[in-house]
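Have a look at the structure that comes next, please.
The chains carry the letters A, B, C and D, assigned in the order they are written, with residues numbered from 1 in each.
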Amino acid sequence: MLQEYMDRKYRTDNKPSVEANLIKNNVAIVGIGQTQYTKNSGRDELDLACEAIQNAVDDAGLKMSDIDGFDTFILDRLSLPMLINSLGTPNVRFSCEVSGGGGAGCAVAVHAAAAVATGQADYVCCYRSLNEASGHRYGRGDDFIEYMPVALTPNYGYIWPLGFVTPLGWAGVWGRRWMHEFNITREQLGWWPVVLREYAQNNPEATYFGRPMTHEDYMESPMIVDPLKLHDCCVNTDGAAAYIITTVERAKDLKQTPAIIAASAQCCPIEQEIQTIYQRPSISGLVETWYVGQELYRVAECGPDDIDVAQLYDPYSIGGIIQLEELGFCERGEGGKFVEGGDNIRIDGKIPCNTAGGLLSEAYLHGWNLVIEGVRQIRGTSYNQVKDVELSMVTGGPGVASSGIILRR
Amino acid sequence: MTVEYNPDQKIPHPAMWGVLYKSSTPFWEGVKNKKIMLQKCKSCGNLLNPPRPMCPKCQSQENEWITAKGTGKIYSWVTFNEAPHPAFKAPYAAVLVELDEGPRIVSNMVDVKPEDLEIGMAVEVTFEDVAEDLTLPKFRKAG
Amino acid sequence: MAIDSIKDKAAIVGIGVVDFSTDIGRTEWYTACQAIKLAAEEAGVNIDDIDGMVKSVDDGPDPTYTGKGLGIDNLLYHSENHWGTSAMMNAVHAVAGGLCNYCVYYQTAHRASGPEKCISDFLVAREFRDDSLDMVRYDYFSPFGLIGEPGYVAMMYRRYMHETGIKPEQLGWVPIVASENAARNTNAIFFDKSITIDDYMQSKLIADPIRELDCAPKVDGSIAIVITTPERAKALKQEPVIINSVASGYALEGQNYTSYTRDVITDLPEMENMAKELYRVGGMGPKDIKVAMLDDTFAPYVPMQLEALGFCGKGEAPAFIEGGDKIRVGGQLPVNPDGGEIGQGRFITTRIVEAVRQIRGTSTNQVANTDTVLVASGAGGPADGMICRKE
Amino acid sequence: MVKLIEGIPIMRPYIDLDNQGYWDAVKNHKLVLQYCTKCNRFIHPPRPMCPTCRSQDTMEWKESSGKGILYSYVMFTSPKMAYPAYELPYAVVLVELEEGVRIVTNTHEIEPDEVQIGLPVEVMFEDLPDGQTVYRFKKREA
């Protein structure tokens, strides 16, 4: 795979055939729900999850008792039995989790889709509930000290004791290498957060709604982990979101225009770690994202030019922009130029990105908000609706075992 | 017999979850005030035990708290011949009491030896201050 | 088209078992890689062709690290599952759904030798588990000294004794038969010879009514299982073991081992739900099953499973296990011919391995003409299981 | 340029049977790398299997020259995302060793504005007051 990446030649002979893929065009997202995204919910995560799931069930036109599967990824504080006991879903027969943090943002949808495509469950609910703003924030430096005299794993043993403790920092290392090799400037980086903030101004549910930001504001924002500034980094969010997956067949009887999954992919290439992917020959690109893109295009039988709108998992601006390169929306090393001025990723641009504000300006809900916006674009109900959307792409986090889906009308 | 504790060991306290899990706070606040509080769905009247943010019968998120009478019957029990935690002196029993209102809660017995326990035994609540900062609802034979 | 069920859509084609030990002297990362290598070799699958990995959340290094250890470069599918062996379900979805070609389900856990040196705790998740909401339930138990799984199970089992009249002289046959089988199984390290009912009755009541011999001991081990489609299996080294059906079951008011708030606490509704689904998908019934691999982490769950899975009627299990004849090899329904977890240690995937061996005809305690085996896990909580059959 | 803040403990590495040789060497002021004698290649970070030939018994510890070049870095400038035991700002650098593998480390006597990609560096060791030994990299002549 690494060689495939270096040669930019995707091997298909060792992949399952497209005909064998049961998810393609057979499965759809039929319900979406969320709570308010706030900085201090004052409620616990189970409470928030119940509300978001109820909203998704209502949105789909289902009853709570129809839900027979649950899916999320690890780093989750909820307990499935407690969730079932609160929601009162008597017929559950499928559940799943996946590791890899934000990389699994879409993997959850893949697994839920696989369950309904194989008849294991009828309606699977994918949920995420977090109090990261007021409660436990993943990936903060000072979190570590209270309870960790020894690094959590052997692998973290090589980095945490150095004061190298946060995903932002880990990503900064390959991010800087990318900036160095391709002469990417800070001014260019800034356009990603600035355009996302523009989108958030039309989205009353976004954390940064009503708080516009100019490119100047961005340039003046403080450095957090050089090369990343404050506004390069995702927001902290209290809130929950959920979506419901079923077969296209069942979707016909439901309330909403289904967002049909045209392709789904997961990928974990060689020497994968959580952001600290430093042993590959080149670290200025994202093998896993390239691979996810290739697999999505192979299964959906389309290319980057066919994608109308994309929600790219962007815990930091760099992660968003490199994905543009690896997914083929621009040439390798051209990401900086591509986002310069912002037009290419604005609503009428070549590839409108993160149209609800993304992780930087809408909410950091581990990618659930991206999937939901991807669905809205298909339904035609986005606050920043792109015209005539046929194909809507969503990806999982960069620098980790990643994932992605392409939705279609 | 009453459960005996090792004075130099800390009895496991319920975690005070605060905002991390709001549903259980009223129960422990109630215990402090020597009451057994039960969560009741405002919409359908279902008693929710253990407490939780949504009623599994009707999906309402509105609920209220009522005070239990504190009477019930022993539903089951375990005798620990080895203490799984150093704060407790073995042997001792943990009992599962079915309250007259319906819900079941785990507790200990006061003044009843483990060998005298019986399923169905009528019991009533009593509150014991087992540590400076910990009150627990316990049960004794009714009447 | 989506398919209605996964019936016969996947097969087990290789197993890799690292020798069990109470002090294995290796890291989990090491033995995870070792088991997968063994399984791939046994199957005749090149490690480079492995493109799916699944595991249980709590056991061993996650697919990212295990894949890194193995130098796997083509991982197209990976997932975790929380409950029992339900990761098997994910593996079946992955190969049957055309998401990957060869999926490995691995379980690595060194619980006996403990966390020092041997546990590669790669799960950042565990840092979060400390304040996981799953911990809330312990608030209602721990202050009263109801602590630890034997105690949780004992609370339920006391009630089961009350309602069914089962006696220790009956339950004892579960560990006795386990010890007989384990004594014949070279992989089982806990019994050199079988125990008697007297031994059982003298076993310490650690959480009365649960005895020491009712509980599976801790062990270090690592197991990997290779799953692919029946079509691909034809080109491989081993006779494939077809996965006839796979299912999991949940129920309201459930909590792992502590579902005390249900109206009735002495049956296993999760297991019943799972079994219903398993038989429906597989088109089989309890009578079609030749060998049952049941969850014997705690002995009382064996009679309860016999009832929940339909192998005997409600309330009949105590008589069914008494004397052990019906559950021995050669009996009406041989249960855990490998010695189960009581004989081999607490390690859920041993059940799948033994199911495979029984169907291949290579068990150390072979049941004659085994063509269908039922595997069940997760007794006392969310349940899961599968039915395997001969091709 | 890593300055410790007194009273805040330094996190220790996680030592297990796979990486014990590495950390034992650090204790003795040596930088060693895992080396597969079958594939003749260095591997880092240490692991239980050679990812190329998949042997579990061909790996040994070989001392590194300790020399390399600065391949990339980040500078922790805000308390928000930094570990509180070190004075801000502090650099974390990725060094590409002569043996071809890259290791993450801190710097020694390199000013923030000198931290640049391409800087030749070499390893040094420091025994901390809490008893642990750490490796850092300092400038060297090219």
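Here is the rule we go by: contacts are C-beta pairs under 8 Å (C-beta built on N, C-alpha and C of every residue); 3 or more make two chains touch, one makes a residue touch a chain.
Note that the coordinates shown come from a computational prediction; the quantities given were computed from them, not determined experimentally.
Each step here moves to a touching chain, and the least such steps from subunit B to subunit D number 2. Of all chains, the one whose CA centroid is most distant from that of subunit A is B.
The centroid of the Cα atoms in subunit C and the matching centroid in subunit D are 42 Å apart.
The distance from the centre of subunit A to the centre of subunit B, each centre being the mean of the chain's C-alpha atoms, comes to 43 Å. Averaged C-alpha coordinates give centres for subunit A and subunit D that are 32 Å from one another. Contact with two or more other chains is made by residues 17, 20-21, 56 of subunit B.
Shown for subunit D are the residues in touch with two or more other chains, namely 15-16, 18, 51.
Multi-chain contact residues, meaning those touching two or more other chains, occur in subunit C at positions 27, 29, 68, 71, 120, 131, 133, 136-137, 252-253. All chain pairs in contact, by the document's touch criterion: A-B, A-C, A-D, B-C, C-D.
Of all residues in subunit A, only 42-47, 50-51, 54, 64, 77, 82, 84-88, 131, 134-135 touch subunit B in the complex they form. Within the complex, the subunit C residues that touch subunit A are 1-6, 9, 27, 29, 49, 51, 57, 62-65, 67-68, 71-83, 86, 89-90, 92-94, 96-101, 120-128, 130-134, 136-137, 247-256, 273-274, 277, 281, 381-382. Those residues of subunit D whose C-beta lies close enough to touch subunit A in the complex are 2, 8-16, 18-19, 23, 44-46, 51, 71-86, 89-90, 92, 94, 101-106, 117, 134. The residues of subunit A lying in touch with subunit C in their complex are 1-2, 14-17, 19-23, 26-27, 44-46, 74-82, 84-85, 88-101, 107, 110-111, 114-120, 136, 147-148, 152-155, 247-249, 264-274, 295, 400-401. Within the complex formed with subunit C, the subunit D residues making contact are 15-18, 20, 47-52, 54, 56.
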